[in-house]
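Read through the structures below before going on.
In the two assemblies presented below, chain A is common to both, partnered first by chain B and then by chain C.
Coming up: the complex of A and B.
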């Protein structure tokens, strides 16, 4: 396998393959930086072009895109408090407060280094885990997936700050909003009022943009402020500081990346929850965690390490079983079919060279993506100093464009405006919005897996070993965070 | 609208959702109905616990209303002229009136926004909302 790995590395470093990696990285960064567009869109863009391409080059292009979307999506998350894609939702929790404190460059640099480390760790993990991953993937059935979703929901406590009851109300609102549209267990459309737009449910990008972007921009405009309310740090020192922050939190990076790979390789759970889980785990298990939510750099490092690592994890079920672990890998699967590759256990025997090329590309694209983002981060961070009235028209246009790409109907734009206005009222009355988003993200997973578990196992699934282990983890993390909160209150 | 008023509204919405869920077929009913019932209970609890008068911080509705009108105007113009043209006009007008930018900067922003969107649209195969008179399409630019 080591010889094959070196041969794949040689293939990657041929000028033609390398140029396609760079092209993929460029497209991935461009897609990532636009709020509302994610890896799935980026991969879909490239798919029509790979017909007839050399498989090595096509794979370099596709993996190059997938690897760096979650690196570039940090820009809107940190600078605007708007999730750049589904994988960078939790980054806004501390990234945006840091930008408001004039530390946007530091937050961006830390995020990019953490993303790179996470991506490389993800690639190493696939290399190590791939030969033994098959039984691990098969061990996750619907009961275990349901309990993982419950573990994700338990993060609401962390995300609610000092308003736990309001946080739970918001989480319930998210769970209910997630039930709009087609029911997973039966052909029936719920809460649509006959409106065709709602038949497929509310798109995640529209909801996230409406919840976070519009209220923030409206407030900035009304106050006549800039994003950075305090003095801005010089970019060069901040990049170094960001690197130091990541090095100081090296075990957090490793832990979050491994968590990202773990969540990523469970098909069906989806990448939209991994950053929340790693953020919650970091907030609950780190020392002096009182600063989480108000500008703790570890709150940026943890989700950014895990969301890039997740792409590696999501490749495991894709390669071994042909089961996509995320939207982007679903499109990648389509790419494999176009290239005449058949995902399955034979990817480790007959197509080992392709598999190893994927792993190397993943690692290298993460490095390229980080270098590219770092080179422009200082310039982009200056946007935080521009008065809102001069920045807002461009941001609003970008957000409308991003929102419209969700289903490409007028409903996206109207929903964006309605959700944004309602979110402004909720925010003003001190209702925490992140729990609403996490409830929404997990709603389908909770309902579908609860239905499947009860249909398949009755209530005996509650005794499954995996269920018990995840329940114990949920209880331990919740109890741990309550203890930390109590200690903080006593101090 | 303060926290108490929102809690009342949410309690009413959750209760209505629970009642509507009751009319769904059994397999579509269980999950939303129970989420709505729990949500209604939690919202009622928040309502009871919320102080009668709570100081709310930040801008008022009247202060942000002006900007909501701007966004509404952008959407209406988009429906008439198409997104790239409407965005260019919006950027120029907003910068001129709200950003106090000079005429040169406003025109420059309009051109940059329009051209930027067309280039981005072509590169990423983006789609624009349908419009009554799609100016860029009439000019063969998109």
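Coming up: the complex of A and C.
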């Protein structure tokens, strides 16, 4: 396998393949920066062009895009408090407060270095687990997937701040919102009121933009202020500071990256929660965690390490089983079909060279992406100093375009405005919004896997070893965080 | 335009006049070259990267090539309602000028067949341009008591994993009902890929996969001895018979499986229902249509171009990978095959709805 790995590296370092990696990185960065557009959109844009392309180059292009979306999506998350893609939602929690404190450059630099480390660790992880990946994926049946989704839901606790009851209400609302549209196992459409737009449910990007973007812009406009309310640090020193921050929490980076690979690796869990899970775990297991939520740099580093690593993990079920682990890998599968590659066990034998090329591309694109983002971050960080009144119309247009990409119908725009307005009121009433999003993202997973588990096993699945292990982890994490918050109260 | 200033209306009027003039100019079609200077749009009712999208994008350049110079063929993805939205848009909002094509799959024909209320399109208003079949193979785990077809019919420990009782799973579900298999059907998996993983995990032990997925992911399991192929769904040919799948000539078709298990040739409303869902879901899986009231010269030109594309060796090698090596139904032939699905008689329809209601709790 080592020999094959070097042969694949040779393929990657031919000028033509390398130039397609760069092209992919360019597209991925653009798509990542624009709020609401994620890897799915980026790869969809590239897909029509790969017909008739050399397979190596086409793969370089597609993986180049997928690898760096979660590097560039940090810009809007940190600078504007608006998720650049579904993978950087949790970055808002601490990234945006840092930007408001004038530390945008530091937060961005830390995020980029964390992204790069996460991406490279992700690539290394999938290389290492490749030989044993099939049995590992097969260890997760419907009951195990259900309990993993429940573990994800338990993150609601830490994200509700000091209002756990409100957090639960919001999470429950999210679960209900996620139930809109077609039911998993039957042809029944729920809560659609006969409206065709709602048949496929509310698109995630529309919900995420509506929840976070519109209220933020409204508030900025209402107060008439800039994003950075305090003096801005000089850019050069803060890049170095960001690198130092990442080095200081190197174990957090490794841990979050491995977590990201793990979540991406498990098919059907929905890669969109990885950043929240990683944020939640970091907040629960770090020392002096009271600062989380108001500008702790570790709250940026954790999700950013894991969202890049996730794309690596998500490739495993995609390549070996043909079941996509994220939106972007779903489109990648389409690209494979076009190139005449069928995912399956042969990706480890006959097509091993392709698999290895993908891994190398993933690692290299992450490095390219970080360098590109760092080189422009000083410039882009100045956005935080532009008065809101000038920035808002421009942002609103970009967000509407981003929301409209979900299904390209009027429904996207209407849903964005309705959700955004409701979210603004909820925020005013001091209801935490992240739990709503978590409930929404995990809704289908919970429902589907609960249904499948009970249909298949009755209630005996509750005794499956995997279920017991994951339940124990959930209880331990929840108990740990309750203790932390109690200690914080006593102080 | 609510402006009170009459001058502001002038450009609008001019534009409207120009648009009307443009439409009229487009109405006159040169019989010899009915598409010159036009853009043909193919509506794909799914996102970029899906099977339908890949198929449409693969054939688009070849349609363009064979429609002659000066013609553009573009793919447009119209998303929503699991493929129904695209059909509604094509039927209700696009003009029948032969410049819009609609690429359908089982997700369009099966809800139509079942009378899903959201479906506002009618395949009887469409003219077939090109059809291409798909196939499916049913296989079972050796962890069961099953060793061959005869023991499949007697087995009592079968668990099938599927996606939705009204999707492509209807074909195996109808097949199992006709064979009177003792099988527990668990529906709700995220897709056929997830259902195959459940099979490999042992969560289920009976499954089917479409031909390309079977060749890539199940054939290695068969070699390993962890999966046993049982039968193919078969193909409905032009005469309406269910014949062996050309990609798996060594495997019995469902008709043969029925004869083995039941001991006589299949007949009756259940059998007609099977053939209808088989056509809608597999035998006429990917179809390209235009409006049947489009200018006849354009329909004819489209059919000729599609036939030429379907014979183009370059496209054939692409299609072999996408579709798994099946041939094509050309123009009217595609329609004839497809109409078998849509002309389901009342008794078969009742049988099908009864099966969904009684065994799967779905009342339509």
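As a convention for this text, the second predicted complex is superposed on the first by the 491 of 491 C-alpha atoms of A that agree within 3 Å, B and C clash if a C-alpha of one lies under 4 Å from a C-alpha of the other, contacts with A are read in each partner's own complex, and residues count from 1 in each chain.
Going forward, a contact is a pair of C-beta atoms (placed from the backbone, for glycine too) under 8 Å apart; a residue touches a chain by one contact, two chains touch by 3 or more.
Treat the numbers as computed from the prediction; the structure is a model and nothing was measured.
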Contacts for A:408 in the overlay, against chain B (first) and chain C (second): which applies, first, second, both or neither?
both
Examine A:337 and indicate which partner it touches, taking first as chain B and second as chain C; both and neither are also allowed.
second
Contact-wise, after the overlay, does A:321 reach chain B, chain C, both or neither (first, second, both, neither)?
second
After superposition on the shared chain, which partner residues are touched by A:376: those of chain B (first), chain C (second), both, or neither?
neither
Using the touch definition from the top, say if A:53 reaches chain B (first), chain C (second), both or neither.
neither
Given the touch rule stated above, what does A:186 touch, chain B (first), chain C (second), both, or neither?
both
Thinking of the overlay built on chain A, is A:451 touched by chain B (first), by chain C (second), by both, or by neither?
both
Could you say whether A:222 touches chain B, chain C, both of them, or neither, answering first, second, both or neither?
first
Could you tell me if A:254 is touching chain B, chain C, both of them or neither one (first, second, both, neither)?
neither
Under the contact rule defined above, give the chain A residues that sit at the interface with chain B and also at the interface with chain C.
185-186, 408, 451
So in the complex, which bits of chain C are touching chain A?
47-51, 53-54, 57-58, 61, 75, 77-82, 84-85, 88, 111, 114, 116, 118, 159, 164-166, 186-191, 193-194, 196-198, 200-201, 203-204, 212-213, 215-217, 220, 318, 321-322, 361-362, 364
Within the complex, which stretch of chain A touches chain B?
30-31, 34, 37, 41, 45, 165-166, 168-169, 172-173, 175-176, 179, 183, 185-186, 188, 190-191, 214, 217-219, 221-223, 387, 389-390, 392-394, 396-397, 400-401, 404-405, 408, 410, 413-414, 417, 421, 424-431, 446-447, 450-451
Help me check something: in the complex, which residues belonging to chain B touch chain A?
1-3, 5-7, 10, 14, 17, 20-21, 24-25, 27-28, 31-32, 35-36, 38-39, 42-43, 45-46, 49, 54, 56-59, 63-64, 67-68, 71-72, 74-75, 78-79, 83, 87, 90-91, 94-95, 98-101, 109, 113, 117, 120, 123-130
Chain C partner contacts - residues on chain A that touch it in the complex:
40, 43-44, 47-48, 51, 137-139, 141-142, 182, 184-187, 189, 196-197, 199-200, 267-268, 321-323, 330-335, 337-338, 340, 342-346, 407-409, 411, 448, 451-452, 455-456
